[in-house]
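Following this line, the structures themselves.
Each of the next two complexes has chain A plus one more chain, namely chain B in the first and chain C in the second.
Now for the complex of A and B:
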């Protein structure tokens, strides 16, 4: 039986923290990509830090539509930005030792069509400030994705934050 | 998920022409769960993507959705319906330039004791506010093992170039 869910690369942030997490030289031999992130940042006074994903070093052509729930409210918005949402981390005000989880699916990443990105994120906290977040992302660019950068909107990723990039093959 | 030989591509389809639906049939019962990945576009800009099992067109399905759309954050429930209906898309997903995506997990699909459930994430992208995102839980009130899956839109057709892949997941 073929192994079609393969680890391409993984990153674990060290003791000094990291301003971002990068995957480069992504092979073009898969059908889809899955990126799974468990993260926390040092952003002071915040329960979570927005995660921002860019491809191939580009900072243009991105659009987002999200729906979120905080435990007490829901909302939806559409944002044209310099990134797509993904890789959100819990932050310094969140319960200690809690890290976020993000599941990001990128179909047809090597195609010449625009790229669609599906993001599911949670920052559970055993407190009132928690978040569940679903996002549809678009990168309007025909280039194959060869690199991915995840950056918190404020602060740095702290030690033990992890990101794993998987490749999926349909044959 | 540990990397291993447990994520098996059962079948994949790329439409060479416009079609009303895609069916995966004769699905082996040898896996634990199924995952269906679809990357598609619809003829119409106001449609729902649906999933149906074993060609059952009876009103034996129900679903609950959470969606983010130009209408805001919404939730809806359908009972006694003829398929598992995912989020409705308006003004997005009509071209593979701005496609729709569905990632559906179908758990314990081959048992013959319980009704079958599906968890799905679906998105339709566009470079304006018409983008939409949603999550759906669906139920098929039938204890039969799932041996075929049909996906499509409830109006119009899936355009040429639409792709769908069915994966089987084994726990061991």
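Now for the complex of A and C:
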């Protein structure tokens, strides 16, 4: 692991579950951030749940453009403006004890420019219905990112869901 | 399950589990309602699409096409 790729903080959800996960007081000493999420939710009757990311507690100024495959179909679209996609979880109808994987890159998070975000996510299921999802997002805000909140669109993250925040330095 | 938030303070490393605030609960409920509406709309659109596909196939059959011929022109 290069020393420019450092764990800032990590968390594993306990037995009580979590409605959201928040990283606060993010140091401003890195160039970029990477957020990796392995998650499962308790949403009944679904194979996956949306994950939604907001910065600094803000619920405005976001745009998204995505492409996805479900195992039986593909689609693309856009959504906004209250969040960016990220941190999706495998849900309760999928094979038990399987979790999603999300890789979320946030360059120049400390700058005064708008913040871009790219997301690469897959859910797991020992069946056809699993999701591959790519998203490009933007938060049109000049504030440096000091906190990140990850929220499933419905339900809770279940035990053993994990989120790790990395800092990337350019030297 | 009581809704809780997990807060990780990156400066101190402290991890706190706390109950959701009233604003977070309201946002969560709004989000769930929005999602339910979106899901219902998607299911309705999928059902309408499936019904239209079946109706089209039935009409083609009515014209005398075989299942193989229908599949050849529709990709179904």
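Basically, the second predicted complex is superposed on the first by the 169 of 171 C-alpha atoms of A that agree within 3 Å, B and C clash if a C-alpha of one lies under 4 Å from a C-alpha of the other, contacts with A are read in each partner's own complex, and residues count from 1 in each chain.
What we mean here is this: contacts are C-beta pairs under 8 Å (C-beta built on N, C-alpha and C of every residue); 3 or more make two chains touch, one makes a residue touch a chain.
Just so it is clear, the structure is predicted and the values come from calculations on it, not from any experiment.
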item	value
Combined model on chain A where chain B meets chain C, clash or fit	fit
Partner chain(s) touched by A:90 [first = chain B, second = chain C, both, neither]	neither
First (chain B), second (chain C), both or neither touched by A:166	first
Which of chain B and chain C A:154 touches, first, second, both or neither	second
Which of chain B and chain C A:123 touches, first, second, both or neither	neither
Which of chain B and chain C A:137 touches, first, second, both or neither	first
Chain B, chain C and vertex chain A (Cα centres) - angle in steps of 10°	110
Which superposed partner A:41 touches (first chain B, second chain C, both, neither)	neither
Partner chain(s) touched by A:108 [first = chain B, second = chain C, both, neither]	first
Chain C versus chain B, contacts on chain A by residue	B
Shortest CA-CA distance in Å separating chain B from chain C in the superposed model	16
Residues on chain C engaged by chain A in the complex (per definition of touch)	1-13, 15, 17, 20, 24, 27-28, 31-32, 35-36
Residues of chain A touching chain C in the complex	8-11, 13-14, 16-27, 42, 50, 52, 59, 151, 153-154, 156, 165
Contact set on chain B toward chain A in their complex	1, 3-9, 12, 37, 39, 66-70, 72-74, 96-99, 101, 103, 121, 123-129, 131-135, 163, 165, 167
Contacting residues of chain A [partner chain B, same complex]	1-7, 31-32, 61, 63-69, 74-78, 80, 105, 107-108, 113-114, 116, 118, 120, 134-138, 140, 166, 168-171
